[in-house]
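Note that the chains take the letters A, B and C in the order they are written out, and that residue 1 is the start of every chain.
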């Protein structure tokens, strides 16, 4: 168990180090997410009365698109110098690679959310109800990245990588998107915990199911 | 062996034709006209049968995908691929017959209700399934990618449905309970006819794929021999 | 045969009817190999002969479509993790992360192999490849030759008994090639079993105990070194691979 953790962490750490040195992905994804929020503001011409209706949607569309952009890089970085082969030569089971990569994408998405969400709430003059939003964001991010890491590995071996990932990824994460938007709506309306519990349950169910399935099928995606 | 398979195909085809004619008779002549909706309701017998077959096709994809990853036998992949193609065709027909029925009854072509939306998401998932093969860097990889999507996509179906159902719903619920017995009979025969149609098409598609593979194999080995 | 046996066979590597095809196109067909512990096998063959495919099959990176690979008598498909820990692979790609330093790269791989005394081991291998001065430089800033030496350090970090070298000299300038050879020789002499693919006939023959020529996925020539007349070998190679001079 401890060995597993050391190895997962080693993969996570080297990805983090690489990203901290280049900051390529983080900056572009952040700017992109912010742009989506701003563009939607124009698209909906959000006045005081309509903002409550469209705000959750804007936030989650921004996250989803930013997520796709970030996930595209999860395995693309391993193609340089064929380092994915180097990883696969290590005496570890394939799912260890999956978990390490997942830890990386999860943290990355969470950082993006942590920066975008407060800006979003301020820009749209919404209540700063962060703790409950944070819970929704964590649960939804687990779902997004568990499926996204699997599909990122898959699309890294396809010809049109950038477009294949969203085509595969978006239909599958529809439940996460619905549940996250609905739960966020409840929070922003100042609703009760009980109103969002159904949505949280869907998120948790999705997270567990797709973590397990991804761990099981990952080796079929990366082997040659 | 081959003779027996041809005979089986002919029996299936004959049975399929008979059932389909029976279904057409039942749908258009035997079944009573629904009071509120009128004749347009008759599309329901096709709509439901098509939806059932589409779902069956994706279930076949799911099972064959698991078997392919487990056994690594190309035959499972061939069945999965053919079934997915048919599933997409049938889902497309569901998405077409739905609005034809909805327009006169609900007054709109499309509504974002649970079943419609879930069907659309399903359709998109399996279109991606068909796409991923062509975009994979090599054939065996494409087959594995498709199998993974065949599994992930199918497991996603109930969650998608549940989420969208909680999100909103207008679709007529509990269809079968309200049907008079003559309508129920018509529906069942129609479902049986389309299921048989699916089996015949799947069998045909798989055998065409196998022949293609055989031809390619012969061509390759001939070319290899010439090289020596 | 019990799995715990230390030396059940004298063979470090055995393959039986090893085959790989991509779709309908066969890349390797029915390869039977036996490499004694400590021996050096050199695999020759023109581009597309299946050399890289063979290395990938031996290193568990690729799954065979037929046949099997035994490493120390154990089927690598049944014990993939255990088998991988016995292998060191050097290929034309370095498997290194360009934005990490040499030491960070080695530390990462060391952790993945679960090595104890990692820091000491890194110092050891890095001085063996004579790159101690560049230990804290990013890999991306090193020359191709130096990167390849780091790749060798990475491959031997866990002291593997078997080394697989897939055209390790591809893309190096002459000076770097000389350096690389010295380094490789240091690591491949002695007890290690080596399988190497190369285009360089003289060099490959010199290092070999056993020679193999692949052509279109089939073994067309197989001989022990003592039986080969080095002067006549280029001609043999040309004849086997169907080339005329």
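Following the convention adopted for this analysis, contacts are C-beta pairs under 8 Å (C-beta built on N, C-alpha and C of every residue); 3 or more make two chains touch, one makes a residue touch a chain.
Keep in mind it's a predicted model, so treat the numbers as computed, not measured.
Which chain is the middle one, judged by CA centres?
A
Please state whether B-C or A-C has more C-beta contact pairs across its interface.
Higher C-beta contact count between the two pairs: A-C.
Where the centre means the average of the CA atoms, what chain is farthest from subunit B?
C
Measure off the straight-line distance from the CA centroid of subunit A to the CA centroid of subunit B, and report it in whole Å.
Each chain's C-alpha centroid was found; their separation is 32 Å.
Centroid of subunit B to centroid of subunit C, CA atoms only: how many Å?
Distance between chain centres, rounded to whole Å: 49 Å.
Report the inter-chain centroid distance for subunit A and subunit C in whole angstrom, where each centroid is the mean of the CA atoms.
That gives a centre separation of 39 Å.
Out of subunit A, which residues touch more than one other chain, so two or more?
As it turns out, subunit A has residues touching two or more other chains at 223-224.
In the complex of these two chains, what residues of subunit A are touching subunit C?
By the definition above, subunit A touches subunit C via 3, 6-7, 10-11, 13-14, 17-18, 21-22, 80-83, 85-93, 223-224.
Residue numbers of subunit A touching subunit B in their complex, please.
147, 150, 154, 157-160, 164, 167-168, 170-172, 174-175, 178-179, 182, 198-199, 202, 205-206, 209-210, 213-214, 217, 220-221, 223-224
Show me the residue ranges of subunit C that touch subunit A in the complex, using the header's touch definition.
Counting only subunit C, the residues touching subunit A are 56, 59-63, 81-85, 87, 89, 91, 93-100, 104-105, 108-109, 111-114, 138, 154.
Going by the contact rule set out above, which residues of subunit B touch subunit C in the complex?
Spelled out, the residues of subunit B in touch with subunit C are 138-140, 213, 216-217, 220, 224, 227-228.
Any idea which subunit B residues touch subunit A in the complex?
Within the complex, subunit B contacts subunit A at residues 69, 121-122, 124-125, 128, 131-132, 135-137, 141, 144-145, 147-149, 151-153, 155-156, 159-160, 162-164, 166-167.
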